[in-house]
C-alpha cells in the first residue's frame, strides 16, 4: 500500500497533501467550477459513464473547455483510481470527484475568459459514511428551510456546479431545528425541489413519486432508484410535489452518490408514515446492494 | 522595490506565486466564501471601513467566523498593503481583496461545519484597468441577458460571496451580442437588478435613479455616487426600474470598485441619450476624482 | 366587584361562561368573520376610534353588515367595557375584542348569504401578558417559517379576519426551532411580511424601517410606533425588507395590540445587534408608556 | 321519528338546537379547524373511509390531535348517524360533517397550544339540494373571480379546513356577474384551481381533464368521477388547465360532496359547447347514480 | 367649413373616408404599431410636446423609424389640425391621433424589417364624449377583471402601442358585471395597474395615490393630475396599491386623454366613499378646466 | 393565368393591390383581430378543417362574431383559393391567411362593440420561403431573448391573434446576437414557451419533447409533428422544458405553417448535438413530405 493518495491536477499527479490551487483560480474567485461525484462499490466506479456524460453537459452549458475529450477524461479518471485504490483496504471505497474550473481568473470586464486553460482536478477520497450511517436504520429528520432553491432562469440546478453557498445556508437553517436535519428545499413556487446535491422521493399508497428535473438536479442516483423501482414493479411518477405530499407520505427518502438512499422518518417534526424506515425504501436499497454486489447499509454501518 | 507581493493566508504571509489553497477548501468545494474588494487611490484604500463593515455583515449572514475582529482584520489588511505598496510605482494602485471561506470542507451530511478554522485570504493585485479604460470616453454597451438574477429568497445579493457562476454565465450571454457588452441583469420579475458585482444607474430628466438594494448588491461605489450626486444637487431616487427606463434614459452608467463609474452609451443596441457619455455622469466622476485626489479616468486611460 | 364578565352577543349581554355560538355560525363553518382587538391602558381603551374605523373597513371589504353603525358599535363597546371593568383591579387591563361573522351559514351554492343577521361578539378578557412578559427584558427569538404569507390577490392581510389557520401553522414551524420563537412571515416573493397579527420593525443605522402595508396588516400599533418615532426624531421608512435586513439590523421588534412592542434579540439563531434589547426600541416603548400613562413593561412583568 | 337531531360534541350528544361552542374556541378565534363532509345515499354514508382517511391527513398536517383514533371516529360517526337517520324519511339523505378545532384558544405568543383538548363536532344535516337542483338540467354559470386561490406555500388546499373566508369573497365576486354563478378560482399563475370546496372538470374532444391536486383540493368526488370515467372508457388527464381550455371545452362541470356533479353550461358569459349539459357529463352522473343506488338528479329535483 | 376631414397618411393628405391602409401593413398583420392620442381644448392641442416626446420614446423602444424628426412630426400634426379645425364648430374639439406602424409586413423569419418605410397615420376625430359624459356627475362603476395586465418583462405598458387585444378582453370581462363598468386591471402580482389606456387614482384620508409607472402607462393625463393636485396642496404618493385600497378609498377616479378625469362611485359593486363623486376629484377637474379655459364636464355633458 | 390575386374582404372580392382597410378598423386601432395561416401543398390546403376549428376557438374566446358559420368560412376560403390558384404555377404554393377583426372601432368607454360587423379578410400569398430555405440544410441559430412570453393570465397564447408586437420586439433582441437568429421565448418562470407563431421541439436520447400548450400556441404543425413522430415510433413527451434541455439536446427544431420544420443547429452560440441537422428531425420532415406529396425542403430550396 502506498502511503498517500494522488490527485490529478491539470495533467499532473500530485500528492493529496500538496494538491493546492491558486487563490486566483476562477473556482475560488467566482465559484466558476463544475463538478461530478462518482463512488465506487467494491472498488468499481458506479455508472462512471453516466457521470462523465453529465459532466460534459455541465461543461457545455457552463462553456468551459476541459481540454480533454470524454474518453480521455475517463481514462485519466480510471488511471488515477487504479493507483489510489492501492492505498485502501478491500472493504473501503472511494469518492471519485471531478472539479473543473475555467482556470485562472482575469480581473476585468470579461469573466468569461481565463488566463489559463481549465483547471482539472480529480481526486479520490475514502468514502467516509459515518455521518450518514445511522440514518439507514433510524431515518433522518427531513426539514424544509425558509430559503428557496435557485430558479432555473437564474441558474439551472442541473448544471452540477460549485457555486453552492445557498446549499450550505439552507442546511444551516434546517439545523436550527435539529442538528441531524437534512434539507428539503422548495422552489420559489413552494414545490419540492431537492436536497443539497441530492434528490427527494416519497412513496404514497404504493407509488414512488419524485419531482421532475425541471426544478432539481438530474441525479444519477435518482435515475438508479427509478430503474430499480421499475424492476421491483413499484409504479413511479415524476411530478410536482408539495410539503403536503411529504407530510402525508408513507415513506420518504433522499438519494445521493455517497449514501445512495437515506431514509427520513420525520418531516418537520412529524413522523413519516409509522415513523420507521419504509418497506419499499428498504426493498430498493436491497436491490441496489444486489446490483453492486455489496451491502450498502452494512458497509456504512461498519464505519460507526 | 520588492520583487514580489505577499498574500495574507490565514495568518501567514506568502509570496503571491505560492498563494495556494487546498482543493478541499470550502471555497473550492462549495463556493462557500465571502468577499470584499477595496481599491486604493494614490495608495490609500478607499472606504476600507465601509468594506470591512460590509464584509462582517456577509460573514454574519453566512455564519462564517473569520477568527479576527473587524479591527484586527483592518490591521492585517493595512499591514499587508503597506508592505505590498513597496512593489509598485506612484501612479499605480491596488485592489485589496478579501476572500474568507468556511475552511476545509467536510464531506458528509453537514456542510455547515469545517475541518479547520476559516480560510482568510487577503491579496493585493495591481489595478489593471485596461479592460475598462476605453469605456470612460466612449461608453460601453449595456446588454440584458436572458438569465435572471438570483432572487433574495434563494440567496440575497447583498451577501457578497463567491458563488457567482451565474454572473459569468450572464456575461457569456451578453457577449454573444457584443464582445464589449456589460450585463444588466434583471430580477425574476423583470426589474433591473445589477451588473456582475456592480450597480446600475440612469439619469432621466435630471434625476439620478438606481434600483433599491432589495434586489442587488448594496455597493460601496453605489453609495459613493449617491452621496456625490447630492453634493452636486442632482436629485436621487432609489426605485424599481425596468428596461424601458434604460431605453429612454438620458444617461446610463455602472459602478463598481475598480473602475468607479463606467458609462454606457448603448443599451441593447440602441444609443443611450445622444449616444455619448452623459454630462452628469462626467460630473460625478470628476467629483469622485476630486474626492480621492487623482484623475480616475486619466489613470485608467494611461494604462492603454 | 361582579363575579363574572359579560359578553355582548348580537344585542344581548351574556355571562362569559355561557357565551357560545352555534356550530352552524359562518365563523365556525367558513372562518367567515372579521375582528379587532383593542386594549385598555389603565382601563382606558387605546385608539378605539382607529380600531372601529378599521373594523368597518374589514366589514366593508368582507361585505358583512353588522347591523350597527360605527357610532353604535362604539357605544355598545364602551358600555360593555364599563360594566366589565368592575370585575378587575386597578392594575389590570382588558382586551376589547370584536368578532363579527356573517351569521348562520347556509349550506348551498351561495355562501355569501346567511340565515340570520351578522353575529356580533364583543368580549373583554383580562390582558394576560405572562407569555410575553419576559421578552421586554431579554427579547424573543424571531424566526422565519418555511410557509409564506397569503398574497393580497388571494386575501388581503389588511382584512383583519379569523381565517387564520395559516398563522398557527407558521407558528408551529418556528417553534420547531425554539419554543419561544415568534414568526417573521415572508411573502411569496421572499420579502418580510408580518407576524401573526403583528408587524415587524428594524432599526438600522438609526433609521426605523418596516414593510409598507402592501403585504401586511395595517397595524394600529404599527401606526403608533411610527408616530412615536417621529416625535423622537427617529427617521422612518416604509419599504421592502428581506431577511438580510433583519440579520444585519441593529434592533428588531414586533408590534401588536396586547404587548405593544416585543423586542427580538435573536433572528434565526443569530444575535440581533449586540444581542440585547435595543436602545431605540426601549425609547419608543418608554414614549408609549408615557403616552398612555402606565409603564407597559412593568405591568407585564408584574404578571410573571 | 325523533323530533330533533343530535350533534356529537367532544364526546357528548347534544340536541342540534343547543349545539354551541365557546366564542373562545380556536375555530372561532383563528379559523383553526379541519373538516370533512360526507353524504349519504339512501342513508348509507358514501366513501366514509376515504373521508376519514383524508380527515386524519388534514389533522396531521394541522397538528391537531382529535383524541380519537380513525376507527373510533368512524364508530362515533356511524352511531350518531344511525340515531339521526330516525328523524328523516326514506327519500331524504344527510350530510355527515366533521369539524375539529384545536380547542379553546389561548391568547398569547403561542397559538399552537390550546386550553383544552380538540373540539370534535360531528353533525348531520338534511341534504338540502334546492340551491343546486336546477343546475342538473340547465347547468350553472361558471365564472372566474378576480381573486386567486391561496398558494400551497401559504396553505395547501388539500388541508380541508375552515379558514375559508377567501372562498366566500370569491363567490361574492362571481355573483356580481350572475346570482347563480359558481366560481372557478384560478391560482396565482392563472391556472384553473378549484371551486369553493369543489373541483373543476372539462371534457374536450372526448377526454376528461381536471387540474392535478398540486393546486386544489384532492376531492373524494373528484376521485369518484375519475374512477367512473375509466369504467366508461373515457380517457382522463390530470393536467394544468387555463381559462382558454374552459372556453373551448365541450363540457364543463363541478364536483363536490352534496351535489356530486354540477354541470356548467356557461363560462364567463359564453356557452359551453352547445350550451346544454354535456353527454359525457350525464353518463358519469348516471353511472354514479347506479353506483349508489339512487337517482342523484331526481332526488335533488324532487326537492324543488 | 369643409365637408370632410383629411388624414395624414405617410406624407399624403387623404380624405378620411378614403383613409385606408393595406391589409399587409404590420399594424394589421402584427399589431406592430405605436400610438399617441392628444386632445384639443378650445381647438388648442393639450401638451402636444409631451405626447410627441412620449411617442418618440415608444418609437425608440419599438425600433420603428418614422422618417420624421419630432419637430417635423409636430409641424405636420399642427398643419393637419389647422386644416381640419375648419370642419368643426367652436364648442367642439378633436382627438389628435398618431398611429405609426413599421410598414408593410414581410412574411418570413425576420419580422423586424418591413417592405416599406413606416406607415405614419395622423387623424383628427371629433371628440365624442357621449359614452363618458354621464360619469362626471354620477361616477362610473370600476370593476377588476380576472385577467391580468401584461407584465413589463413581456411588454412594457409604457410603450404606447396598438397590440391591445387584452385590453378589449378585460373590458369584456368587467362588462359581464355591469354594462357601464370600467376596468381596473391588476398586474400578475395582484397590484393595481391601469385601465385600458388610462390610469387609476384614489384619494384616501386626503392623500392622492396612484401606482408608480413600473406597471402601467406613464399617462400625460396622470402627470397633469399630479401637477394639479400639488398646486391644490393635495399630497401625492406614487405607490403600490391593491384592491383593498380601492375598496376603502374615499374617492376613486380614472384619467385618460379624452375625458381627462372619470370619477368612479362604485368598485366591484360597493360604493366608493359615500357613493358620490368625491370633493377632491371635483376640485382637480375644476382646476383642469381652469387650466385649459373650458369647462371640461360641461362640454361633455352638452353632448348628451 | 390571371394577372392579379383577389382578396376576400367582408364579402367582397377585391384585387390585392386595392385590399385596404380603414385606419379606424379595430385591427389597426386595437390589434383586435384573430388570425389563422394555412398553407397549401401542391395547391391543396393542409388541414384546413383544423385551422378553421382553431379559428373559431379564437373567435369565441375573443368574442368576435365573424358573421359566417365555419362551413361558410370554409366555402369562401376554398372559392377564393381556387380562383387565386390560377395565378401561380404548378411548383408554387400559397399561404391562406384569415384575419378577422371586430370591425370599425368606436372611441369610447366600451371597446367591445364595433360600429360595423366584423372585418373578415382572407388572402392568398405566394409562399415565399427564401428566408427560411437555407435553414433546412444548415439549421438556424436559436436564441433566447431577454423578454418573456405573455402569460396566459394576461392573454392566452392559444388565442391566435394579431396583438403580437412583443413577438417582433423579441425577434429584435435575438437578432442582436445573429441576424439569422430565431427566437426561443421563455415564459415568465423561465420555461421554454414558443417562437413567434411557432413551436419548439427537442430530441433528447431518442425522445421527442415539446412544451405542453399551457404556455404556447397549440400549433397545427406541432400536432402534425407529434402525429408523424408516433408513426415513426419516436416516443413523444409534452412537458416543461428549460434552456438547459435545449443546450443538452441532440436535436432542436421549430415548427410553423410556412416552413413546417426548421432545424436549429446552434442554441445561444453553442452547437446543438454535433452541430448538424438531426437525423430524427430529417425523418419527420421526410415523413411530412410523404404525407403531402411534395418534397418540402426541395420546394423551399428551389426558391433560393
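By written order: A, B, C, D, E and F. Residues from 1 in each chain.
Everything below uses one rule, namely that a residue touches a chain if its C-beta (ideal position, glycine included) is under 8 Å from a C-beta of that chain, and two chains touch if they have at least 3 such contacts.
This structure is a prediction, so every number in the text was calculated from the model and none was measured.
Tell me, please, which chain's centre (mean of its C-alpha atoms) is farthest from the centre of chain D?
B
Please report how many Å separate the Cα centroid of chain C from that of chain F, as a whole number.
Each chain reduced to its C-alpha mean, chain C and chain F end up 56 Å apart.
Taking the mean of the C-alpha atoms as each chain's centre, how many Å separate chain E from chain F?
Going by mean C-alpha positions, chain E sits 32 Å from chain F.
Where the CA atoms of chain D average out and where those of chain F average out, how many Å apart are those spots?
Result: the chain centres lie 43 Å from each other.
Any chance you could list the residues of chain F touching two or more other chains?
Where chain F meets two or more other chains at a single residue, that happens at 61, 63, 148, 151, 153, 159, 172, 186, 188-190, 243.
Looking only at which chains touch which, which shape fits best: line, ring, star, complete or other?
Shape = other; not a path, cycle, star or full graph.
Which two-chain combinations touch?
The complete list of chain pairs in contact reads A-B, A-C, A-D, A-F, B-C, B-E, B-F, C-D, C-E, D-E, D-F, E-F.
Please name which positions on chain A make contact with chain B in the complex.
Listed in rising order, the residues are 7, 9, 19-33, 61-63, 95, 99, 102, 107-112, 121, 123, 125, 128, 130-132, 135, 140, 147-151, 153-155, 159, 161-169, 171-172, 175, 179-180, 182, 188, 196, 258.
Which of the residues in chain F come into contact with chain D in the complex?
57, 60-61, 63, 151-153, 156, 158-159, 189, 212, 214
How about chain F: which of its residues touch chain B in the complex?
Counting only chain F, the residues touching chain B are 143-146, 148, 172-173, 176-178, 186, 188, 190, 243, 268-269.
Can you list the chain B residues touching chain E in their complex?
Residues 186, 189-191, 239-244, 247-248, 270 of chain B touch chain E in their complex.
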